[in-house]
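So, here come the structures, one by one.
Presented sequentially are two complexes of subunit A, the first with subunit B as partner and the second with subunit C.
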Partner chain A sequence: MNTHSVRRGLHLIINFWNKHKWSYFFIAPSMILFFIFIAYPVAQAFLLAFQKVDLRGSTWVGLKNFQDLANSQLFWESLRHTFVYAVCVVIAWIISSLVVAALIQPLSNKIQSLYRGAFYLPNVTSIVIIALVWIWIFEPDYGFFNFLLTLIGLPKVLWLQNPDIALWSIVLSTILIIPGSGVVLYSAAMGAIPREYYEASDVEGANALQKLIHITFPLLKPTTLYLTVIYTIAGFQIFERVYIMTGGGPINSTMTIVQLIFQTAFSDFNYGRASAQALILFAIIAAFSFVQFKFLSTDVEY
Partner chain B sequence: MKRSFVLLTLVALAGIVMACAAPAAPTTAPTAAPKATAAPQPVTITFYQRGYTAGGTDAGTVNTDKAVEIFQKNNPHIKINIVGIPWTAEGDTKLEAALSAKSDINVFRVTSPNLPRYAKQGILSEITPFLTEEDKKDFYPSGFQVATIDGKVWAWPLWVTAISNFINTDIFKERGVEPPSMAKPWTWDQFVDACKKLTFKRADGTQVYGFTSSSKWGAVEYYPLMYIDGGRILSPDGKKFVQNSPEGVSALQKIADLALVHKCTPPDFGTVDQAGVRAQFKDRKTVAILMSTPGFIPDLEKENFPLAVVPPPIGAMGKMVTNGAFGLFAVVNVSDQAKLKASHEFAKYLTGSQVAKDVQGWQLAPGLRRSNTGYSTNANREVIAKLVEYGVYEAPVATSAELGNNYGAALQAIILGKKTAKQAMDEIAPQYQKELDALNK
Partner chain C sequence: MSYLLKIFTYIILTIVAVISLFPLYWLFNTALTPASSTVKLPPDLIPVNATFDNFDAILKASGVTKIPIPGSDAVWRVPRLYVWFLNTAFITLLSTAIHVLFDSMAGYAFAKRKFPGANVLFAMILAALMIPGQVTLVPLYLLITQWKLVNTFAGVILPGLADVIGIFLLKQYIQTLPSELEEAARIDGASEWTIFTKIILPLATPGLAVTAIFSFQRYWNAFLWPLIVLQNPDLFTLQVGLSFIHTSEFGTNYGLLMAGAALAAIPMIIFFFAFQKYFMQGLRIGALKG
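Entry: the complex of A and B
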C-alpha cells in the first residue's frame, strides 16, 4: 500500500465522517443503551452458559450445563409443555383473529373501528390481572366455569388442580382472549386487498369459498407470516400466566421453559445453567422463525 | 424476540454482577473472637433486613428501627446502616448480588435452604467463637442443629415458625366436636373421625371441610404430619434420603387418604397455596382445621376470629411433632475483626431474649432460646411456644431447585392419587440420593 492509497483512504474516512457525524451523534444515545443493556448482557449470557457461577466467581465448565440439561427430565418436560402450548395458541390465535377480522370486514368503517378497539382492549390490560381473574373463573367451588357446569348437571372440574388438564386450562385461558393485534392487522390487510380481484372472480363465477381460498388467503400471507412469527415467539415465552396461575404445578404439569429459567436463575441462583436454558430457547425460537419465513414468505405485493 | 432479549438480559445482568465481583478466592479472615479491648474503636456495620422500608410505618420496619436504636444506644461505638430488601425473589437477588460483589453487607436474614450454600462457599463467619457458655445452655438444640454444616454453627437462631393446627371454634361447636389440647392431643384416628364430622354441607348449600393446609410446592405447611409415624425426609446427618422407609411412606399415605379416602379436604388440597387456604379458613370460613404457621395468628387475632390453636395429631411415633421454617441471622466473614465482632454482637442481640423485651411485637414466632418467653402472650401462642420442644427438623442441605420441584411434584402425585406414597418416594429416592452423594463428596 503506497502513500497515495493511504491518503485516499484517509480522505474517504474524513469525508464520510464529515457527511454523517451528526447522524451518528443522534443515534449514539440509543446505541450506547443498546450495547450496555442488550448486546453486552446477551454476550455475557452466552459466556455464562459455559460457566459454573457461584458467589466466589465463575469457572469454565465447557458443555457441562448443556449435558446436565440433556439429562434433566424436567427440562424435556418443560420443553414439551411449552411446545404444546405454543402450537395450540398460535393456531387458535391465527384462526380466531382471521375469523373475527372477516366477520367485521363487511361492516361500516365506524363500526369496524369500534370492534377493533373492543378486541384490542385486553392487550392493554396487565397479564397479572388477567391471570388472577382466570384463577377465580377456574376456582373449584365458586368458579364461573364450574357454576356453568353445575347448571347443566355436570360434575365440577378441577381446572388447575388436575395435572391431566391444568395445561389445557392455561391454553384455554389464553385462546379465549382473541388477540387484538391479529384482528387489527388482518382487518387492515383485508381492507387493502383490491376490489378488482373479487370483481374479476365474480365474472369468472367463483363462489365465496373459492374467493377466500384463491384470493383472500394468498394475499393475507405476509400478515399471516408476521403474526405466526410473533405469536410463536410469544407462545414459547409463556411465563406470567403460568407463574401466577399454577407456578408450574401440579406435578410439574404446567412447567414451561421460561418458568424453569426463572427458577434456575432466581431460586437456585444457578446462572450458568439458566443461561444455557435461555440459549436453547433462543435457538428454538430462531429455528422456528427461520422455518416459518422459509415456508410462508411470499413475494406477492398488492 | 424483544421479550427473549429481556429475559436473556435479566439472566445476563446477574452475570455481569458476578463478573464484576472480586476474585474467586473466599475471604480468609479468621473467625476467632478477638481479645476485648478497653476502648472499642468506632465501627459501622451494614444490616440487610427483609421487609424493611426506610421511613416505613409497618410493624416490621418500626420494630427493626427500634431494635437498632436500642442496640446503638447500648453500644455507642457501633453504628448500624439498614438496607431493606423484600421477602420476594427480588430480595434474594439483591442479597446474592451484595454477597457476590462483596459490597457492604455484614448481617442478614438467611433462609435455611441458602445457609449451606453460603457456608460452603466461605461467605459466612462461624458463630461458635462468639457463643458464651450461657448461650450454649440457653439455645434449644434444634436451633443449632438447623444452622450446623460440617460440624460448625453458621447462623444465630432467632425463631422457628412451629406449625400447629388452627381450629375454628364456631364450627367445632356447630358440629359438637371437642377440640384436643396439649394435655390431651388427638390420635390419628381421632383426628380423622373429627375431620369427617367437621365435613358437612350447611342448609344454605355452603360446603364445609374438616381439614386443609397449604400444599403447593414452596409453601407446604402439612410438614408435621409427614413425621408423625417416625419417618423423615433425610437421615439426621442429612446424607441419606429415607422417606421411602415404611414410617415415611405410611405418614404420607395418611395425608393423601384425608383427601382420597376420607374426603374431608377441599378439592384443591394438594395444589393450593398459603393465600388460598387462609382465605378458605378466615374469609369464607369453609374449613374447620387449618394446619399453618404462627405468622397467620396476628391476622386472625386482629379480626377476633373464633380461634383455638391445638397440637397436630399423634401418629405411630407416639408423641407430638411439629416442624417449621427457621429465622436465622448470619454474619458475613470479613477481615476487619472489629467489624466482625460488632456484627456478631448485633446478631446476638437480634436473636436474644433482651430484644424481645425491648421491642414489643419483635417476636413473631417462638424463640429458640429457653429464656425467650416473649412470644407466649396468650393461650394460643403458648401452645405454639410449647410445641417448639417437639420439633423434628431436617439437616440443612443445599439441594437444587430442580430436585425441589421434582420432590414437590412427588408429594402432589401422592395427594392427588396419581401415585401411591411408596411408589412416589421410591421413584424420587435415586435422584435425591444422587444429589446428596454429590454434595457429600
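Entry: the complex of A and C
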C-alpha cells in the first residue's frame, strides 16, 4: 500500500465522519442504552435458559430447563390460568369498548369527550392501587360485593379465598373496568368513517343493524386487530393484579406465567428456569400476535 | 322514538361509567370514612362523617425515615410515606426528562437524517418492541447485581431508560414535520445542535408532550422492577411501599390502606386531567404503527 492510497483512505474516513458525525451523535445515547439494557440482556436470556445458574456460577445443561417445565404440573396450570385470563379479558374488553364507543358516537362532541375521559380515568391509576381496592371490595365480611349479595338474600362468596373462584374474581376485577384505550380508538375510527357510506346504504334501504354489520364493523377491522393484539399481550403479561390480590394462591389456583417467573427467579433463585419460562411466554405472545395478524388482516383493504 | 333512544343511550352509558369508575370512587370513599365505620354493615355509600384520620394512620404505619442532619448528631425523623412520595417523584421526573431528550434526539435522526446503519438499527428497535419485558428481567437483575446497583435509584432508573417506544413515537411524529425550515437554517450556517434545539424541538412539542406523559405514567405506576431492585424501605417508591404495607400487620386495615392508595393515585389523576388531550393524542399516534 503506498502513501497515496493511505491518504485517500484517511480522506474517505474523515469525509464520512464529517458527514455523519452529527447523526451518530444524535442516536448515540439511545443506542448505547439499547445495546446494554435491551439487546445484551435479550441475548443473555437465551443463553441462561440453557444453563443452571447459582452462586458458584453457571453450567450448561442443554434442554433440561425446558424438560423440567414440560414435566411441571404447576407450569402447565399457570399456562392454563394465564390463557383463561387473557381470552376472557380480550373478548370482554373488545366487546365492551366497541359497544361504549358505538353508544357515544351519536352524542355531541362535548359529551363524547366527557364520557371518553370518564372511561379513561381508571386506566391511568396504577394496577397496584386498583388491585388493593379490589381486595377491599372482595373482602368476605365487610366488602362491597358481599354486602350486595346479602342485600338480595344470597350467601356470601369467598371471592379470593376459594380456589375455584379466585381466578374468576381476578378476571371480573379486570373486565368491570372498561379499557379507555379501546373506547378512544374505536371512537376515533368510527368518527373517521365517511358519511356517504351510510347515506348510500340508506338509499338501498338498509336498517341500522345491517349498516353496523356491513359498514361499521368491516371498517373497524384494523382497530380491532390492533386492540386485540395489544390486549392479548397485556393479558398474557398479567402480574401486579395477581401478585397483590392473591400472590398466585390459594393453592396456586391463580398462578400465572409472570407470577411464576417472578417466584422462580426471586424466591427460588433458579435463574435458568425463570429464563426458560420467560422465553416460552415470549414465544406464546409472538405466536398469538402472528395468528391474529393473519386471521384479522386478510380483508383489511377497502 | 329517537328521543327515547337517546335517553336509553344515556342511561346505559351512565350505568357502565358508574361501574367502571366504582373502584376509584370506593377508594376515596373508604379513605375518607372513619376507621370504625369501615367495618360495619351496611357500609356508608358516601363519606358521611368525612375525616382525615386514615391519612394520619397511614403516615404512622409507613414508619419513619431517619435523615441525619449534617454537622450534628441529631436526626430528622420523616414519615416514610413522604419519603416514598419524594422517591417516586424523583425517579419519575428524572427518567422522564432523560427520556424526552434522548428519544427526541434519536427520533429526529431516524426521521430526518440519512446515515449508514439507520435502517438496521431502526429494524432492531421495531423488533425490540415485540419482546416482553419479562425476558430481560433476570439478565438485567444479574447485571444490576454485578454493577452493585441493587438498592439504588440508579439501579431502578438506568435499565428503564432503554425504552424503544419513545423513539418510535417521536420518529413517527417528527417525520410529519416539514423540512424547509431545517434546510434554510443549515444554509444560513446554523449548527446541527442549534437546528435540533431551535427548530425541531419547538415544532415537535406535541410529540414531546405525548412522550413525556406516557413516560410519567409508566414511571409513576412502575412496580415490578422497583420491587426487585429496592429492598431498603427508605428507598421504596409509592407502589412498592403500598404493597409493603399491604403485607405488613396493617394489611387488613382497609381505611388506612385506601388512604395510602388515594395519596398515590391523586398525582396521576391530576396529571391526567391536566393533559387529557395529549393522552388521547398519544394513543392515536401509537396505534398508527399497525
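What we mean here is this: the second predicted complex is superposed on the first by the 276 of 302 C-alpha atoms of A that agree within 3 Å, B and C clash if a C-alpha of one lies under 4 Å from a C-alpha of the other, contacts with A are read in each partner's own complex, and residues count from 1 in each chain.
Here, contacts are C-beta pairs under 8 Å (C-beta built on N, C-alpha and C of every residue); 3 or more make two chains touch, one makes a residue touch a chain.
Predicted, not measured: the structure shown is a model, and the values here were computed from it.
**Q** Does subunit B (first) or subunit C (second) touch A:163, or do both, or does neither?
**A** Touch partner of A:163: subunit B, not subunit C.
**Q** Of the two partners subunit B and subunit C, which one touches more residues belonging to subunit A?
**A** After superposition, C is the partner touching more of subunit A.
**Q** Would you check which partner chain A:285 touches, where first means subunit B only, second means subunit C only, and both and neither mean what they say?
**A** both
**Q** Touching A:237, do we find subunit B (first), subunit C (second), both, or neither?
**A** both
**Q** Just subunit B (first), just subunit C (second), both, or neither: which does A:140 touch?
**A** First partner only, subunit B.
**Q** Touch check for A:45: first (subunit B), second (subunit C), both, or neither?
**A** In the superposition, A:45 touches subunit B and subunit C alike.
**Q** Quick check for you: in the superposed arrangement, does A:153 touch first (subunit B), second (subunit C), both or neither?
**A** Neither partner.
**Q** Answer with first, second, both or neither: which of subunit B and subunit C does A:255 touch in the superposed model?
**A** Touch partner of A:255: subunit B, not subunit C.
**Q** Give one of first, second, both or neither to describe whether A:27 is in contact with subunit B, with subunit C, with both, or with none.
**A** Once the two structures are laid over each other on A, A:27 reaches subunit C alone.
**Q** Touch test for A:225: subunit B only (first), subunit C only (second), both, or neither?
**A** In the superposed model, A:225 contacts subunit C only, not subunit B.
**Q** Counting contacts the way the document defines them, which residues of subunit A are shared by the two interfaces, the one with subunit B and the one with subunit C?
**A** Residues 37-38, 40-42, 44-45, 48, 141, 233, 237, 258, 261, 265-266, 271, 274-275, 278, 281-282, 285, 289, which sit in both footprints.
**Q** Inside the complex, what are the residues of subunit A that reach subunit B?
**A** Residues 37-38, 40-45, 47-48, 53-59, 72-74, 140-141, 156, 158, 160-163, 233-234, 237, 246-252, 255, 258, 261, 263-271, 274-275, 278, 281-282, 285, 289 of subunit A touch subunit B in their complex.
**Q** Going by the contact rule at the top, pick out the subunit A residues touching subunit C in the complex.
**A** For this pair, the touching residues of subunit A are 20, 22-27, 29-31, 33-34, 36-42, 44-45, 48, 96, 100, 103-104, 106-107, 115-122, 124-130, 132-137, 139, 141-142, 144, 147, 150-151, 173, 176-178, 181, 184-185, 188, 222-223, 225-226, 229, 233, 236-237, 239-240, 243-244, 258, 261-262, 265-266, 271, 274-275, 278-279, 281-282, 285-286, 289.
**Q** Could you please specify the touching residues of subunit C with respect to subunit A in the complex?
**A** 6, 9, 12-13, 16-17, 19-24, 26-27, 30, 38-43, 101-103, 105-106, 108-110, 113-116, 118, 121, 124-125, 128, 130-143, 158-159, 161-162, 164, 167, 192-193, 196, 217, 220-221, 223-224, 228, 239, 242-243, 246, 254, 257-258, 261, 264-265, 268-269, 271-273, 276, 279-280, 283-284, 287, 290
**Q** Under the definition above, what is the set of subunit B residues touching subunit A in their complex?
**A** 1, 3-5, 7-16, 18-19, 21-26, 89, 92-93, 96, 99-100, 117-118, 121-123, 207, 216-218, 266-268, 270-273, 286, 400-402, 404-406, 408-409, 412-413, 416, 418
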